[in-house]
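Chain IDs A, B, C and D follow the sequence of writing; residue 1 opens each chain.
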Amino acid sequence: MLAEQIKDGARLALPSENSGVPVAVVRALIARGARDLRLVGGPTGGFAIDLLVGAGCVASVEAAGVSLGPRGLAPRFCAAVEAGEIEMIDSTCPATHAGFIAGEKRLPFMAVRGVFGCDMLKNRSDWTVIDNPFPPHDPVVVVPAILPDVIALHAPMADEAGNVWVGNRRELKTMARAAKQVLVTVERIHPGNLVKDSAMAPGLLTTPYIDLIALAPCGAVPTALPPDYGPDDAMLDSYASAAKTREGFDGWLADFLGPDGAA
Amino acid sequence: MLAEQIKDGARLALPSENSGVPVAVVRALIARGARDLRLVGGPTGGFAIDLLVGAGCVASVEAAGVSLGPRGLAPRFCAAVEAGEIEMIDSTCPATHAGFIAGEKRLPFMAVRGVFGCDMLKNRSDWTVIDNPFPPHDPVVVVPAILPDVIALHAPMADEAGNVWVGNRRELKTMARAAKQVLVTVERIHPGNLVKDSAMAPGLLTTPYIDLIALAPCGAVPTALPPDYGPDDAMLDSYASAAKTREGFDGWLADFLGPDGAA
Amino acid sequence: MSEYTREEFLIATMSGLFGDGRFMVSGVNSPIPAAAGLLHEHQQPGFCVSIHGDPDRTPFVDGGVEPFDMAAQGRLDTFVFGGVQVDGQANINLVSIGDPKRPKKRFTGSFGAAGLYYLIPNIVLFFPSHSRRSLVQKVDFRSASPQAPEGAFRQGGPKWLLTDLCLFRFDPATGGFELASVHLGQTVAAIRDATGFDFVLPKDVPTTPEPDAATLSRIRGDVRDGLSVAYAQFAKDCIKTPGS
Amino acid sequence: MSEYTREEFLIATMSGLFGDGRFMVSGVNSPIPAAAGLLHEHQQPGFCVSIHGDPDRTPFVDGGVEPFDMAAQGRLDTFVFGGVQVDGQANINLVSIGDPKRPKKRFTGSFGAAGLYYLIPNIVLFFPSHSRRSLVQKVDFRSASPQAPEGAFRQGGPKWLLTDLCLFRFDPATGGFELASVHLGQTVAAIRDATGFDFVLPKDVPTTPEPDAATLSRIRGDVRDGLSVAYAQFAKDCIKTPGS
C-alpha cells in the first residue's frame, strides 16, 4: 500500500544500512515494477539500493557510498554503473548531511567543511565554492538543499497518536522533514502517546511530519534494526553470493518476492 | 567549584528559561563577585540573566529576548539597558539557533530565512546579506557561528560514565558542542551507562562534550526543570515583585545568597 | 442580545481570522490567542493549536529550534504577534522606546518575529490597547519587518491587525493597512484619532460581527476548560462561566 | 626473535602512528585499524577508539552526522583511510577505475573522506597491497584531496601512508611523500619498483621496527579479545593465540 505512493520517477530518499531500511516497501516497489526511481542515500546505501538497481527500478543513485558493508561491494549497483545503466551522482557524507539539514530548514544552501580538491566538487554542477562572507573570507564549499519527493523508512514502533520512534537515528528526522512525503513502516504499535514519555520523546519523529504509517513486522530484514534485531547474516550472505551474477540475482529475487511477486 | 571555571569577561551561554538554567552556578558566580560576563541566551533568557545583571556581573547580553515569562519584563535587565550599564546585542531566535548550529559544526556561517528589514540586521555588524549562490540567487541573511567560551547548564541526571541526559532540549546539545568549555550540574547520578539504553540515548549529551559535572539537587530552582519539577511560583513571584526596585532586588539577593553569600 | 466580556469578544473575533490553516503555535503570555486557537479548533476541522505552558499541547520533541524549522517547512500556518508598537508598514517593535542604544524604556526583545515574519502565511498582529502610543507613524525599533530586498524568499507575512477598537487588513501590494471593520460602539473618526499611522478607508466599513450565542457558549465551555491548563487565572477572570 | 603474522606486524606498526590524540573512529571493514586503535589504548593513556560494529565502542547518540560534527569540533584526532588508489599527492580514490562516467570497475564511493581530509589531524592512509596498481601516478578519481584553494580552512590532513612494504610520511609543505622506513626484508629498490609515484628518498632509510614481545603479547591478549566483538573471524584467523 505504501509503495503505491511512490511514483515512477520519484526522488526517493532511503536510510543508510542498518538505520531503518524499509525493505518491505522496497520489496513491494519491485513487485509492482517501479521504474526510474532517483534514489538518495542517507548518506550511504547498501542492500536495498543494490536490490532496486538489480531489479531495474532505478534511474540514478545519489550517495556517498553504496556497499554491502562487511560483505564488500554492492554487485548489482557496481555492474549497473559499469554498464552505464544508471546515473551515479557521487557525494560525500558531510555534504549529504548538510543538504538534508538545509532541506529540513528550507534553506537554499549550507556550507560544509573541507571537500576541496575532490572530483565530486569538480563534477557536480550543483556544488560550488563561495567566499565566507565574514573574516577571514576563506573559500567554503556550499551545497544546495536536498528536498526528496518522498522518504520511506522502517522503525521499531509507532504509537497510537501516530508518532514514530526512530531512536538515535537523528538523520532520519532530518531527512523526513526535508521530504515532501514521509512513508513509515513499523514493527509494532505502542499504546498511548509517546510525546508524553519524556524518555522516549527525544527519539520521536512526530505525527505532523508523517503521511502514512503501516505495520510491517520484520520490515527491515535482512538489514539490522537496532535495538530490535541484528542483520540476518545467512540471508545477506546468500544475497551477496547470488547477486555476483545477473542470473544469480534474478533467482534470488524471485525467491525473495515469492509466488505473488511476479504479478 | 564549577563557577570558578567561569572567568571574568567570559562569553557565557545560558539555556532559555525552564530548559536547564544553572541557577546554582549563577548563585555561585554572584557569590564570588564575577564581573564583565558576556551572556548569550539560548536563544532567550529570564530569571538567571536578570539576576546576574542585577548583581553587576554582566558586561553584555546577546539574546532574542529577556523576560520573566508570565511575570512580565525582566526588571533589572531592563533597568540596566535603560541606564546604559550593559550592552544589549539584540538577536532573533532563529538567527541565534543558526549561529549555535554553525558553531556546533565549526562552520563559519549559516543562512537563516527571513530576518530582512529588521533593526537587528541593520545594527549588527556581524550579520549580513549575501546572494544565494544557487538559482534563483535570492538575497539571504547569514549569521556567523556562535562559539561561547563556556556554557553552564543544569540537567535531570548524569550517569556514572559521565553522560548527561538533557531530554528533548536539543538546543542544549548544540550549544554545548559549540562551546569551548561545558559545565553541567545535575539533580542526581544514574547508575551505569545510559548510552547503552536505547530509550535514553537520544536525549544524552555524551561525555566527550563535557568538561565538568557536579551534583546540585534543585539546581535549577526556581526555574522549572521538566520533567523533574515545575517552576517555584512563590519564589518567582517574590523575585518579580522585589526586583522592580534596586533596593528590593538587593534585599532579595541577600536572602538568596544567604549568610555565606557575602564572602 | 447576549452579553460578553471584552476578552470573549476578542477571542471570537481573532478566531475568525485564523482561516483554513492546520497548525498554530501560541507563545508565552498569550491567553487570548490561545483561546482563539482553541475556539478555532471547533470551527475548522483539522486545525490544531499548540499552547505554551500546556504540556498536552506542546508537541515539540526537538527543543527550541523545532517550531522555527516547522515554520520554514510550511507546517506552521498561524501565529499571533503582539508588541509595544506597530506602524503603518506593519513593522512591529518588541524592543524599546526611544533610542535603542539608550532607551527610555526597554522591553523583552524580538524573539522569533524577524524570521517568522517571512514564513508563516497567516500572521495576526494583536494590539489590544489601541492608541497613538502603540499604533505609531514609525516604530522606534523594527523587531520584524515585511520590507525585504527584491526577490527575497517569502511564504508568509502579516495579514491582520486586531485591536480593541477595530480590525485592519494588511495589503502586501501597497505595504499598508486598510480598515476592515470597526468594533461595536466605535467610529471611523475615533479610530483615526487613536491611530498614529495613515490607513486606507474603504467606502463602507462594516461593524465587526458580535459573537453569537453558540460561539459564546463554546468559549465558556470547551475553550475555557482547555485554556485553564495554561491560563487558569485568565480563564477565571475573563471568561464567563457556562450558562451565565 | 619472535614470530608474528603479517597482520600483527601491521597492527603494531600502525598503532605507532596514532600519536597523542584522544579519539579515533575506525570505520566499516577495518579490522587492522580497529586492532591498532585497541593496542594504542594501552600505549597512550586517554586514547580511545570507536569501532564500527562494536556496540560498546559506538558512543554516538545523534545518528550519522555526529562523527562529522565531532571531527569539525576537533574531537576526532585519528582516522585510517583505505581505498583503491592513492597517488603521490595523497589524493585517494574509493570510487572507480577508468572513466568515472563509464568505469571499467566501480567501487563503493567516497564516504566521508572528502570532508574529513580537512578536519582530522592524524590521518593514516592504509594500502596493504602495495603495487603500481594501487600506488599510482594519478588517481582515476579523487575521492579526497588535500589540494585546496589558498586560505582554505584546514585543521588536519593525511600524515602517513602505510603499506605492506613500507611507511611513507606525507609532507604538507611539498605536497608529496617521503619514504620513512622499509619493512623487514624489503629494499628501497623493490619499493621504488612497486610504486607508481615519485617520492623523496632520505639518505638513510631505517627499517620499520618489529613488534617486541610485550606488544605481541598485548595484541594476542586484550586486543584480540576486544577485536573479537566486531571482527571475530579476523581475530581468529590473523592474530595468534596468547602464548603461541
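Here, a contact is a pair of C-beta atoms (placed from the backbone, for glycine too) under 8 Å apart; a residue touches a chain by one contact, two chains touch by 3 or more.
What you are looking at is a predicted structure, and each value in this text was computed from that prediction instead of being measured.
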Report task. Tell me which chain's centre, taken as the mean of its C-alpha atoms, is farthest from subunit D. Result -> C
Query - CA centroid of subunit A to CA centroid of subunit D, Å - result: 29
Query raised in the report: In whole angstrom, what separates the CA-based centres of subunit B and subunit D?
Result: 41
**Report entry** Junction residues of subunit D, two or more chains touched
**Finding:** 55, 60-62, 72, 153
Query raised in the report: Taking each residue of subunit A in turn, which ones touch at least two of the other chains?
Result: 101, 105-108, 112-113, 138, 140, 168, 170, 201-202, 226
Query raised in the report: Is the way these chains touch best called a line, a ring, a star, complete, or other?
Result: other
Report summary line: The chain pairs that touch are A-B, A-C, A-D, B-C, B-D
Requested in this report: Give every residue of subunit B touching subunit C within the complex, in rising order.
Outcome: 16, 19, 42-44, 63-67, 69-70, 72-74, 77-79, 81-82, 84, 88, 90-95, 97, 101, 112-123, 129, 136-140, 168-172, 174, 226
Query - Contact footprint of subunit A on subunit B as seen in their complex - result: 101, 105-113, 126, 128, 130, 132-134, 138, 140, 142, 144, 167-168, 170, 198-203, 226-227
Query raised in the report: Which residues of subunit C touch subunit B in their complex?
Result: 28-29, 53, 55, 60-66, 68, 72, 91, 94-96, 100-119, 141-149, 151-154
Requested in this report: Quick one: which bits of subunit C touch subunit A in the complex? Just the residue numbers, please.
Outcome: 23, 55-56, 59-62, 69-70, 72-75, 153
Query raised in the report: Residues of subunit B touching subunit D in their complex?
Result: 104-108, 173, 177, 195-196, 201-202, 204, 206-209
